[in-house]
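Right after this note come the structures.
Look at the two complexes coming up: chain A is in both, with chain B in one and chain C in the other.
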Partner chain A sequence: MQKEESSSIHNESTNDSIPSGANSVWADVSPLLSASCSDLHEGELIHGDNFNLFAAMSALEIMDPKMDSGMVSAFYSIDEAIESGFAPVPISSDRTVNVESIIDIMDHLLVCEATWHMGHSLAQTVFSCIYVLRPERTSSQALLHSYCRVIRATCRAVVSVVSDARTNEEDDLLTMTYGLPFNGDEDAKGLSLLNAVEETICRQLRACKATSSKRRLLEELEPLQTNPHLEESFCKALLCRIRFRKHFLHTLNCMRRPQGRGFELARKHIASCISELDYVLESAEFLRLDLVENGENEIEERTTASGRHPIGFDSTLNKRLSAPTPPRAIKLLSWKKALGYYVKLLHNLDEICGFSLEPDLDFVLQFVIQFQKSRPDLVSRAHLQLLLVQDGKLFGRDTFLAICARGFGLDVTKDHALQKNEYILQLSQLMINLLKILCANAPWQRRKLGKILNDWSIFRVQMGITVGQAMQQDTSRTPKNGDKSLFILNHIYGWLEEQISWVALRFLMLGFDLELYSPSEYCMVYWYMYIILWKLAEKARFRVLIIVNTEERKAKKNKDYHRDMAREDRISLWVLLLQCQISLSQGLTVMLSALRNQGMCLKSQGPFNTESEKFAQHFELLQKASLPEYDAYESFTESTSHTRLDYLPVYEYFRDAQKIAKDIKVGFANDPDKLAEVRALEQVAEHNIIAVNLISQDCSLKVSFEFTHHPYFASAVVRRS
Partner chain B sequence: MEQDAERSATTVASTSQGSKLDPIARVRKLLFRQMLVGIKDGRFFLGNFHCIDKQGNIILQDTVEYRSIRRSSPSPTEQRCLGMILIPSSCRTSCHVDCSIEEQLSLIQLKE
Partner chain C sequence: MEDKEKIDEAEIEYTSYAGEHHLPLIMSLVDQELSEPYSIFTYRYFVYLWPQLCFLAFHKGRCVGTVVCKMGEHRQTYRGYIAMLVVIKPYRGRGIATELVTRSIKVMMESGCEEVTLEAEVSNKGALALYGRLGFIRAKRLHHYYLNGMDAFRLKLLFPKPRVPQIAPQDQTQQKQEIFTG
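This part shows the complex of A and B:
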């Protein structure tokens, strides 16, 4: 009976707003439905001919918190929340409570912003704050108002960087703004407002420190809150938060200037940001004073320095904006973790700003790989990508033809015809794609690298045919007539193979980062790495010869010419590093296969996949790109099926690696990253030499492999069973 | 409009009491018709009636969700499209079907 009453009430209200069709009415069918339901048998449905149970399974279930984003929670709408006093302006008539609450809001917004960067939706994080959603309401409260405006401007800047770079993956929500109110003009004023607020609080702080005689002069300044003893600490707590915001937005803006022109200034802002963050962290001690301790653990999880819950936030308000996709549960970072995130982000950005912008492909690739080692997050990766590729040029400055040609010591600035060459245009596109992919996160990067290998190898084949034909017609082969185009194209063709091998090597090594290989598969992975490394080293060595040749010719022509020895030396050194890695891969392949052949290590046997199937699954993309050109699996089984433990010490691969590592350490004295790499390789070699000696003598030992010294080259761990 | 609604509500109620026609067959006739379902939290769903099971769970197709902006009525409503939805019987508070008056009258005559 009650039900019917309530339904009739709803009936009236619906008929007001939801009209039925023309000449028709809404007829209540609830009684009829309940009658038919009681007549139905268990499991029976009433449905039409087009009913499909499978399709029906995908229906969104209403009132299921995991599927129904429209569930009405605390408030029906933002307006209702405001009217109910959920986000009052001013927050409190008590000035102390007011300032404390504003600091809580600032802290919580910082947490929201970091959570957003980490992959949650903007609507449910930063824009869960009513003060940010409706900044016009707070215009009388300069502090809160300007802070919220700057937050909005910062969000806008971040969205613009990430969407321009398109380093975001389809799963990333960062660039989705769901029609949220981004008022560019109004928000842009936020920074000047915030500056004015900062100035006022600075004066306030000076007034606190001043002697009593001076204090009288400054009395017209209204204190932030009522307790004069706390004034100084409140001023400091606010100032560091405001300044962090200010410098952070400046950093983002400076980094967007073309060709990295704003980097120097950006680094200053970054340094300020980091030091302000330290003050923010320090302020927690003061802010937590009046809070009753509920145990350390709970405090650690809190989203504000004070540990209080902030006023004016409801993450369910905007939930429907992401509709009709199922709502996502938001787990905000803790305040401490959010600060940690910013420190990491700022260090990553600083690393980018500190890059020398050397127009040398070897340098650039090495830098990107080194940068990716710290697993940077999306925002910094987006910045890196925007730096590398601007207007189709490296750093927005150098054409990819110039970069490639410089790789073997040639200058192509005068060669305009070549710029429009069909192959050069295609090459630029390939290079742009490659650099963009290298800025993506590791799993995405690996998948894409595997795919572009095929594009590169097809391109190489096509270019090979054209260049080969042209070379046959032009038998002189030397650039006597001044047209170096063919000469350069031929070199680029040769260099392509080196580049393809480099991509393949990166693809294989990322597999270790992503833990895609099981210990029983290490043998085939190292065998493959050996093949690729060998090819890469061969081509790089060839490039050194070209450079030496070009430089010598230049020197002959012009007696005053200074040979660019640095480049020669650098590549030669790199070749030696590759040589060291080759020896290690070879050594590991032999050791692993010997262990396998004599049953000391698990054979690659599973109930589902044979070894050849696993081989195909791991290396299919490489084989499609003809890396190597012969039947890799056959070659792998042939070369590894006869290795024996007692012969192991005879192969001196690890000793070779150790020797090379020792020799090249001097060369890398000025490059701490490379030096660390060489040291790690040396350690792996030393460790494995000992292991080989032990296991060749005693077959009852247990052997396992760990990546304690180097992320890609395993060290054998020997234990008595 | 309001009068129509009242009348239709009473007529359907009276027919459901006195009717001897199989309710299942009558519900089957409602398939593909526009159905308006109200739920506990005050939202309404307007969609094509697609399916119902013994427990009274309803599936609607091409659904539009209506919700009030404020808790106090009357208030303006917001709407958005949801596609196919399943409304569990536990949260359903009302259920109406779009009917022409003539059709409904003839339906009643048939039954009586």
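This part shows the complex of A and C:
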């Protein structure tokens, strides 16, 4: 019904080689089309409730190469491609050429796999290879056959981890397999076959390196290929590629068993993968030899080490499988970039395996934030998410009640009634959602964090009413005599505000990562960060008091009790770090508003709206969650409309930040990540102190802001105009 | 390529979409300049439902730029949407795009839109600067938004709320923070 134009389809072109499916048959649509055409005049459009923008955008124009996925194909079917000799078995009767070609296929498959991980469809990447699509054809060719089987098993493992994690809201292509042939049982045997192949090539390598006397003993072993001068290099080039594949699949499998020795083993496999990748990279020098002679120089963009085009790949083969959207034009990564991708992925996986699985929320949140700094890709993020949340528990082991209670030094393992408390159940769900969101890609993460702020704040209000009423009824007021569960619920209620502020701060900071703020908006962003940081520090300070109190009671009760000073110290230090960030936010707000008030920075004003509308848009979600509880814009304008440049040196904010940073560096001596953070804050403070002095003396200077020292706290750059 | 110096800006004529004869002009401009493939349905969807939001810029009879938009209800707000904005290369940097889009936004505002949105590629510095000057903020980043794998920004322009007479509550005690005024 949506076709409005006469398309020149002629029935005779229907090709018999395209088979109709089990529940479908080919039908001639020409009469229907011409009937519709005679009803519609040029330019007329059918208006229907179900013909919206999405329908209009999804409509395809037949015979337009950008949209008609069936139009440009070398072959109508895989069978046709095979019959035409497109993917011969063996690839060549010349054994040297055969080995060379297999190495090219291995390299190109690595590129395809990485491109798939980066968000393109499996059908158009890994499964564009006929040898992978039809592994049964190569069963006589042990090397190619086992390698393709392992590739398939690896794809299966990756699909499984990503679909289990469900982080794939926006990277949804990764798990779409469109009925591609995954034969689990057969593919699982690939690894043992590949081991046998590796063993044979090892012996071939030993044979070619052996002295002539020993060689006689090994004579019955056929060499890998026919050119004895190249034997050693070919053996090595194959071995590193095979071993990488093996260890990579082992890594993925071991990582699914985090408890026990799973992670320990995974780390060994990861280390092997990385060193094999080095050998793979080295092998390029040998493999590229004949091309260098030919003067080939576009090698950097190629998808194989040799620079040759691989045999047996056609990305148009599965076009009809890659629905529901028109196929994306795929630009494969280069071979070099694909290797880079794997190195990054492996380092990210290693980071996950090295995590101590400490049942402490502060630790977990800090770890996830640190992990996300390198912008890890989907596969490693999916692994992290599966590790953090399993069966509704942290690491599949600790309940979220226990984790939250530990945050203020309480043990709740014996409190079974509390475990079933309605609020605790809801809290667990909120925590699970939060952790999952923190594992998502940064754009998605920010959007979801903005949305859950409202859930958290509604929950806090509801819990506050219930706990408040219960506390009034329970007159004893001390945990010794009163209801211990209520006492814990009350603490959790207090802690919620800290957690909500933490989420809000993360939301604001991610805006810098995603480049959502323009320089004319920095002032309002720092003002808001100041408000949230202040709240967060206040609540964290309160938590330190609770911990001190709890620990003191425990110590009084039991003389031998070993007080957990480490937790107190850690949180106190964190509060000081927040204090340092508060001072920087204040300093930047004052500096930016003074510059704006005196016309040294552009005002945030367009022809259609004012700063007020921008403020409302940027912080709408925070304000919905009552962060803060008063009219934020009014407060912002009041506190920034009178700042002036000549007052700037009077404000000591940057000096305060510098001083705190100096003081707390010692405390973070054993934490390199935090130490780097403090150093960066200190540099921002130092830099801006100098800038403030210059600006206040000379109003003709040009000022801009850059993130040279810290990703979220800007450093002023002053230039003569 | 035409020499930038030779184009007299006063010679640029702007016109509202006036019928089927404008459609091929719009399609060829967009096809040339934007990365996404659009079917003829997409164009007709926009220009037939909202011809008043579509404008074209001509120089000596040649179409050099166009803007295509829509408006409608979106989650309880009445929202304008800028679908396509194109000015061909030799004519860029002369305010033609700003003029085109400003005309559309004015019609949207007069028609009661509360906000205007669009998507722009994160690397499209020119478009981002243009919309930034008009008061758009970058509300979201959209991961792998385009078929070519690029991210996009969702840009948003919020119009000021129409003024309604306010009755100020006398006893309103609001928490106010006097922090930076010294």
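Everything that follows uses one rule, which is that the second predicted complex is superposed on the first by the 645 of 721 C-alpha atoms of A that agree within 3 Å, B and C clash if a C-alpha of one lies under 4 Å from a C-alpha of the other, contacts with A are read in each partner's own complex, and residues count from 1 in each chain.
Throughout what follows, contacts are C-beta pairs under 8 Å (C-beta built on N, C-alpha and C of every residue); 3 or more make two chains touch, one makes a residue touch a chain.
No experiment lies behind these values; they were computed from the predicted model shown.
When the shared chain is aligned, chain B comes close enough to touch A:79, but chain C does not.
In the superposition on chain A, contact is made by A:590 with chain C only, not with chain B. By the touch criterion stated above, A:54 is placed in contact with neither chain B nor chain C. By the touch criterion defined above, A:23 lies against chain B but remains apart from chain C after alignment on the C-alpha atoms of chain A. After overlaying the two complexes on the shared chain, residue contacts for A:618 are found with chain C alone; chain B is out of touch.
Shared interface residues of chain A, touching chain B in one complex and chain C in the other, are 42-43, 45, 51, 55-56, 59-61.
Residue ranges on chain C touching chain A, taken from their complex, read 20, 23, 37-42, 44-45, 48, 70, 102, 105, 109, 122, 132-144, 147-149, 151, 153, 156-160, 174-182. Interface residues of chain A, counted against chain C in their complex, comprise 2, 4-5, 42-43, 45, 51, 53, 55-57, 59-61, 64, 66-67, 118-120, 170-171, 326, 328-329, 331, 441-444, 446-447, 514-518, 521, 530-531, 586, 589-590, 593, 605-610, 612-614, 616-618, 628-631, 634-635, 638-640, 642-643, 647, 650-651. Residues 3, 6-8, 10-18, 20-21, 23-37, 39-48, 51, 55-56, 58-63, 70-72, 76-77, 79-80, 83, 320, 323-324 of chain A are the ones touching chain B in the complex.
Interface residues of chain B, counted against chain A in their complex, comprise 1-2, 4-5, 7-9, 11-13, 16, 22-24, 26-28, 30-32, 34-36, 38-46, 50-56, 58-59, 65-71, 73-74, 77-78, 80-91, 93-101, 104.
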